[in-house]
Amino acid sequence: MNNEIRNILEEVKSGRMSVDDALLHLKDEPFEEMGYAKVDLHRKIRQGAPEVIYGEGKTVDQIIGIADMLTGHGQIPVLITRINRDKAERLAENHEISYNEHARIAIIGDMPEPDGIGTIVIATGGTSDIPVAEEAALTAECLGNEVERLYDVGVAGIHRLLANRDHLQKASVVVAVAGMEGALASVVGGLVDCPVIAVPTSVGYGASFGGLSALLSMLNSCASGVAVVNIDNGFGAGFMASRINHMEVRK
Amino acid sequence: MNNEIRNILEEVKSGRMSVDDALLHLKDEPFEEMGYAKVDLHRKIRQGAPEVIYGEGKTVDQIIGIADMLTGHGQIPVLITRINRDKAERLAENHEISYNEHARIAIIGDMPEPDGIGTIVIATGGTSDIPVAEEAALTAECLGNEVERLYDVGVAGIHRLLANRDHLQKASVVVAVAGMEGALASVVGGLVDCPVIAVPTSVGYGASFGGLSALLSMLNSCASGVAVVNIDNGFGAGFMASRINHMEVRK
Amino acid sequence: MNNEIRNILEEVKSGRMSVDDALLHLKDEPFEEMGYAKVDLHRKIRQGAPEVIYGEGKTVDQIIGIADMLTGHGQIPVLITRINRDKAERLAENHEISYNEHARIAIIGDMPEPDGIGTIVIATGGTSDIPVAEEAALTAECLGNEVERLYDVGVAGIHRLLANRDHLQKASVVVAVAGMEGALASVVGGLVDCPVIAVPTSVGYGASFGGLSALLSMLNSCASGVAVVNIDNGFGAGFMASRINHMEVRK
Amino acid sequence: MNNEIRNILEEVKSGRMSVDDALLHLKDEPFEEMGYAKVDLHRKIRQGAPEVIYGEGKTVDQIIGIADMLTGHGQIPVLITRINRDKAERLAENHEISYNEHARIAIIGDMPEPDGIGTIVIATGGTSDIPVAEEAALTAECLGNEVERLYDVGVAGIHRLLANRDHLQKASVVVAVAGMEGALASVVGGLVDCPVIAVPTSVGYGASFGGLSALLSMLNSCASGVAVVNIDNGFGAGFMASRINHMEVRK
Amino acid sequence: MNNEIRNILEEVKSGRMSVDDALLHLKDEPFEEMGYAKVDLHRKIRQGAPEVIYGEGKTVDQIIGIADMLTGHGQIPVLITRINRDKAERLAENHEISYNEHARIAIIGDMPEPDGIGTIVIATGGTSDIPVAEEAALTAECLGNEVERLYDVGVAGIHRLLANRDHLQKASVVVAVAGMEGALASVVGGLVDCPVIAVPTSVGYGASFGGLSALLSMLNSCASGVAVVNIDNGFGAGFMASRINHMEVRK
Amino acid sequence: MNNEIRNILEEVKSGRMSVDDALLHLKDEPFEEMGYAKVDLHRKIRQGAPEVIYGEGKTVDQIIGIADMLTGHGQIPVLITRINRDKAERLAENHEISYNEHARIAIIGDMPEPDGIGTIVIATGGTSDIPVAEEAALTAECLGNEVERLYDVGVAGIHRLLANRDHLQKASVVVAVAGMEGALASVVGGLVDCPVIAVPTSVGYGASFGGLSALLSMLNSCASGVAVVNIDNGFGAGFMASRINHMEVRK
Amino acid sequence: MNNEIRNILEEVKSGRMSVDDALLHLKDEPFEEMGYAKVDLHRKIRQGAPEVIYGEGKTVDQIIGIADMLTGHGQIPVLITRINRDKAERLAENHEISYNEHARIAIIGDMPEPDGIGTIVIATGGTSDIPVAEEAALTAECLGNEVERLYDVGVAGIHRLLANRDHLQKASVVVAVAGMEGALASVVGGLVDCPVIAVPTSVGYGASFGGLSALLSMLNSCASGVAVVNIDNGFGAGFMASRINHMEVRK
Amino acid sequence: MNNEIRNILEEVKSGRMSVDDALLHLKDEPFEEMGYAKVDLHRKIRQGAPEVIYGEGKTVDQIIGIADMLTGHGQIPVLITRINRDKAERLAENHEISYNEHARIAIIGDMPEPDGIGTIVIATGGTSDIPVAEEAALTAECLGNEVERLYDVGVAGIHRLLANRDHLQKASVVVAVAGMEGALASVVGGLVDCPVIAVPTSVGYGASFGGLSALLSMLNSCASGVAVVNIDNGFGAGFMASRINHMEVRK
């Protein structure tokens, strides 16, 4: 950014750029104004990841509009999360998509080759946590990661988890997805020495209070090396895991 | 109870008891009125356990008064919970007590011989949970149970727990005491086939919200065979465990 | 477990088992991998109770798949909880079931003969608590217990409860099911000398906050010998009661 | 009020009162301005009860100032609630008071003769609830009521309550004071046919959450004829009970 | 009750009653067992008010069954609350009812003549609170009270309330029904000298949290003489107001 | 008001007005009684803004009735908030309206000319916050304000907000509308020197708890000059902003 | 800001400023780095108000350090909020201050002349709310406003408020400070036509939950033209009121 | 682990190890039993980080005992968190420590050389957040990381943050520490492309509810690449950041 400013200033000094043009450049907005949305087209450069469309609360027309804008600028693949079947079908009329109804994710374009440090293991406490886990898995794959799924390994049958200890211990990042009492995160956290991203889910009833129980459990984990994202936020966990899995020396 | 009423009625019918005396008996209050307390003197018979004095919120004079009443009626041992050192010292001037400051428990009289079905194992997640665990242990011992302590076996280092699997699996009842995320109850619940009484503790900070996190975890345990008592309620857990450990055929 | 390891080691030593086979055995997973679930087939042996299928959040195909697996391995009866009529009808095309719509429970196979210590009494505060109570009752029956139902004995008309004192006092375990203010657990707890499992229900409105009021009441019960399960968790209460009702000497 | 306006208007019409005087009268403020407080001197007439000084959050000088103002206008007795020993001793230098440290209540002047419809019974669940109960009792007595105290009759030992059923059933109003699970209100509500004022107390620990548990219980009471005041609000309960106990025909 | 026991005992003594009969009488249950409900038939005598059927959570068959039982024993009128149109229509096939869809109340039989001390005024903050207010009004009328409705007098336009001050000040009891910030209770409480029953409603959105805001407001009312019932509990308020409005000397 | 009373008194004194007429005038109610509502017809004069109809919880007949009353008294424009399409269509049969389905607002009559101090800028964090923002914008326009919309400038892409710094800094009032973590209010508050009205929205999921997260954020804003309205309360924010934008010297 | 950039660019173009100097200027930080704080010295220009020192959580040395920095740059007066007596006395050794212990506010320098549009009226519900009100009042005065105090006008005695209606109606902004049920904001909001800033206080006990009750009340105010700041945030309210009271045309 | 088992089996097969010895080895507990604690001595190998002593809730003797055990086994440095001055002074009598009272951290032994991927930047919203930030910083340094501190860059003065954009964008991991509304995490998350660990602090008052506000904000962050630890959990954040900063290829 610094360099950019310096360059513009050099241009101005040399007379190759007028003051007004420079002013324009310095104020240049790296997003496209669409009225209902300001679509970020520099994000891939600035943040190493393309803009993602969060489908909930957007009309299908807004989703299509933003998708058009992104693909029109060569931003591929495009990940659309929290998009139900109806909207996905409407979107499919405009773009070639692959759609996973369970995870409510649509993807425009092909998955990239994995280029991360290692494998991201995504574990769930039970069968009902799979939709959230798939949101995490598809997000991570879409961002160029090798993903291994390890489903239904909740702590009530600890042998199921221990039997898969090898897989966990070879992971570069583990995403632990669990509802109810969310103890999976702590037990996994105690077994591995890589970062663990914990995702509480709203699976449960009564005193699970929509995922609050699992959320608090995970925040209070007695294991170190565990950080938490929002309830049911599979996308956020997949994204964070990908960031960690793409760490590189920068000094 | 039924028989008692029948007996009284037979007495009345036979003229051996006057109507007024019968009325008195039928209304007889199985407690001693002390103004600030109504001390239950039949409880041992009715409920199989002596009256326990909950020390918090009572003045030392009230505690001594109730203790006098109980011991005066031969109700020994007397368990006084949540009693701080100051009050305990005052009490010790009136009764011979053994006092555990950590657990804030005073006991008048000797511990009975264990006569339960088996051993009650009391496990804690960490070192800081020990005071609550001791409240449970002393209560259970006071009620005639063999108790085994298994401290600092929290799930973040699952091998510490697994290494003690034998102890757990030989228990007749397990009391699982843990703060923070309270995952101990679920993991223990998945390892044993005896009843598990879970005690959330207020150990923790921030989002543990005074034990709420552990409480919700335990209530949402994905393991079956787990039931929960109030936060920090070591007494309640010890009492419940003792009840279970003294089950007998009754048909 | 210890013995098993010793046996394998003896086999290895004697040369009757190769190192690789032993390794395989020691790592043998006592569950069947189904992708979306890891079905526990040793549970009956390990925990004294068959695997139960929690229907909520599972597709009907997943439920049928797990049921096939369990019955295929002779695990009968199979209890499926929280299964609505639609799924139950689909399941009935594959397995002979008895279905209780009220309690949302399906059972494959016959109820076993009761073989517990005594009778489990299941009491409710009101008529609206019956579905949860039936979940507890059917679970307990399915696990080999004699069950007695005592419905609509809430504390607002204490005489209804007192009139049934005999039934309560002959119970080996009482399950107290109540919504609203959940006072039933405390009053029952004060009347009996057997363990009481309290089940708060979401019956109520306004400040019952989905069962929170009853839950807190039961956790704060001033009666001893009461432990609590999650809101509306009839299954958990029935399971816990059964465990207690099958206590036996183990030293 | 209407009549007063009419009278003033008649006076104006007749010329006996100037327009400016009338204007003044119509705007006349029935309170004394003290800067930090506006003391209501017409309250006894308007509301049938004298102004009460809520001591918490007021400096002792403010309390004395208001007490001076009230007694100076003949408003006796004056009730000062939530006043600690230190402030009470300072107040005693200025006014003759009777002070109850337990209930943190000071009273200037003599108690009036009881003139209510009947007796107000004040019942507590335990010994620790007595300070709140005494705040209610003294308030009610100060407002001219016969009060009967019935302490430590919590539902865990229901026989203690039932043994006092007569006292309860002869009450004109019952004030039920209880912490922990607060079930007392429901059980009492089911036994009597007079209005019940329920006072949750902050007695308890853990999941009592400072009285929240008892508060929710009482609000969700399955018994009819129960209304609730704030946690620990003995004054409010005593005041409300007194109002009900002084009902009279007004048509 | 005492007298009853004495009478029975006298009968036994005189030989006019056998011991077995007496035993039966002393254990006589004043309710009818229906399996899913225990219908109280002595309630009118014991509590001065007939059994009321709370419709929510009951099947229409259960409602009809209980209504049959009550009317069959001459308990008329019968009040059925929280009953939706569908169930009401089914009920109307079996009983002659008047139905108020707004308040979701059905009544079997005629309203009694008002015989209370005075008039119960039912005030609401807004138009949306009317259904709850009507539940209170119809309940009170059903229990023999004169009711005056004062709707949409919320404090944001205080002149609307002040203009009706006369009506309020002539009431024997005021029921204040309000959602949102629930300030109506405090303002009314400051204007009148009769008991005020406050009913928070779930009217509102966002931070009203389903009536929690109004509930807390009313519990914290700075006006004395206000007691609170559960959110949306129009029935409870009408019942309580009726109790107060039927106070009579009993010493 | 004072002057009004003086005038009436002068009239009485002079004999030009009878005492009864004066009494009537002094009690004159500045609202129209409609049974289910008391419609305020003096509000425009008293409060500088017309009565607004809050549509939620009102039947369409009630809405039409109130609209008739207002327009019949010349109160135009009329703003109806929280009115769904169905009701709006019914209303449109009686009144000429413009309807914004997104914002659920109907307006009878023309928008007035803007006459405020400056421009109200309404900013949103994301696209999903637009309905609430539009409720604010239309309300403000309806009350005579120039409005500028600045949508989708959430803090996660801070450059989108900074690029619009000019617009923000020229505003006379900013309304900041955001869900999720609601940080927009703080960042905007730190950029401008005009009053900021913050509107939390219920946009989000999981731990946003229906807008609670954004609400708490905004209340805890570390920026000065920020005040908050209820979750999703676009109307309230638009109204408040208009008030501020119409400030004028009054001494 | 725009102009500044343009100027710098012009300088660069003309050669009067080197590229490096320009780069430096464009990155110039308008704050002073103190290690533990970054003190904003341009704030008065940028935001129309000086930096305020929030004393809580800062050591006295940090407070003095920041105060030195501010006064050293001529930023006077300096307002220090939430500073206890001990720290204030230490501060007084370094700066001439006026200190209000009640409001915990210290001020360095003289109060400016009021130059706002009108008068800010600060009203409290009770005597205990005065410290928060004084924080608001002193803040507003410190920012150049005329302030009128109207204390102890809570709604329980609505006549005290109505008697001061004139004062309220002449205000340019009203700050309504109240704890407990916080109804003051709604009632004031219905009486005036200027903006109302509501400040909930933590005054109260039990179900006031540290000010939560008043906060929710104020957020749910049925009166329009009310916006809310954090619990006990007198400073924020005074600041916001001052901003509104200094509105001026800007187009 | 697998290899270890294989080796043991090979030893047994070859006869070099007896069955009993093998059994012993397979059950070997990698921790030291101390009664009140089970000290993990293999942790550094298993998890890449030494055991840390959480000081809160442990007696000073327990802390010293564990420290002796760890240092006795060559586990240096030892990090002791949440240790107050008194305990630290006692500890200093037994071990050479460096103590930071602000952060309540004691360290035995020297800090290791930084060997991570890059620099961990630790940013705070305000001055009061520094203790928590220091806990994170010292933890990270103790685990071999280069740490850069960036304090008091809260979003209310966004220019302070933007002026430090370079530092942030060169970080390998950012730890964002903030109380009040916790918006720092979102804004930082939008500026950088490395993982962000967010630490809510309990700094604030009123509706910050002990850090709940900041916690919810951070969980709901609209920026991607942000994960959250418990309130005030500086240690957890420093530990997690270190893990990420030590990522290496593992396939």
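Note that the chains take the letters A, B, C, D, E, F, G and H in the order they are written out, and that residue 1 is the start of every chain.
Note that a residue touches a chain if its C-beta (ideal position, glycine included) is under 8 Å from a C-beta of that chain, and two chains touch if they have at least 3 such contacts.
Being a predicted model, the structure only gives us computed values, none of them experimental.
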item: Neighbouring chains shared between chain D and chain H, ordered by label; value: B, C, F, G
item: Reference interface A-F: repeating pair among G-H, A-G or D-F with over half of contacts shared; value: G-H
item: CA centroid of chain C to CA centroid of chain G, Å; value: 58
item: Whole-Å gap separating chain A and chain C, where each centre is the average of the chain's CA atoms; value: 38
item: Separation of chain B from chain G, taking each centre as the mean of its C-alpha atoms, in whole Å; value: 54
item: Chain G residues counted as touching two or more neighbouring chains; value: 2, 126, 157, 206-208, 212, 215, 219-220, 224, 230-231
item: Interchain pairs in contact, sorted by label; value: A-B, A-C, A-F, A-G, A-H, B-C, B-D, B-E, B-H, C-D, C-E, C-H, D-E, D-F, D-G, E-F, E-G, F-G, F-H, G-H
item: Touching residues (chain side chain A, partner chain H) in the complex; value: 1-2, 46-49, 52, 117-119, 165-166, 169-170, 172, 192-195, 197, 215, 219-220, 224-231, 235-237, 239-240, 243-245, 247-251
item: List of chain G residues in touch with chain H within their complex; value: 27, 29-31, 35-38, 40, 43, 56-58, 62, 200, 202, 210-212, 215, 230-233
item: Chain E residues touching chain F - in the complex, by the definition given at the top; value: 126-128, 130, 151-153, 157, 159-160, 163, 203, 205-208
item: Residue numbers on chain B that touch chain E, as the complex places them; value: 2, 5-6, 9-10, 12-13, 15, 19, 22-23, 26
item: Residues on chain A engaged by chain B in the complex (per definition of touch); value: 125-126, 154-158, 162, 180-183, 185-187, 189-191, 204, 206-209, 212-214, 216-224
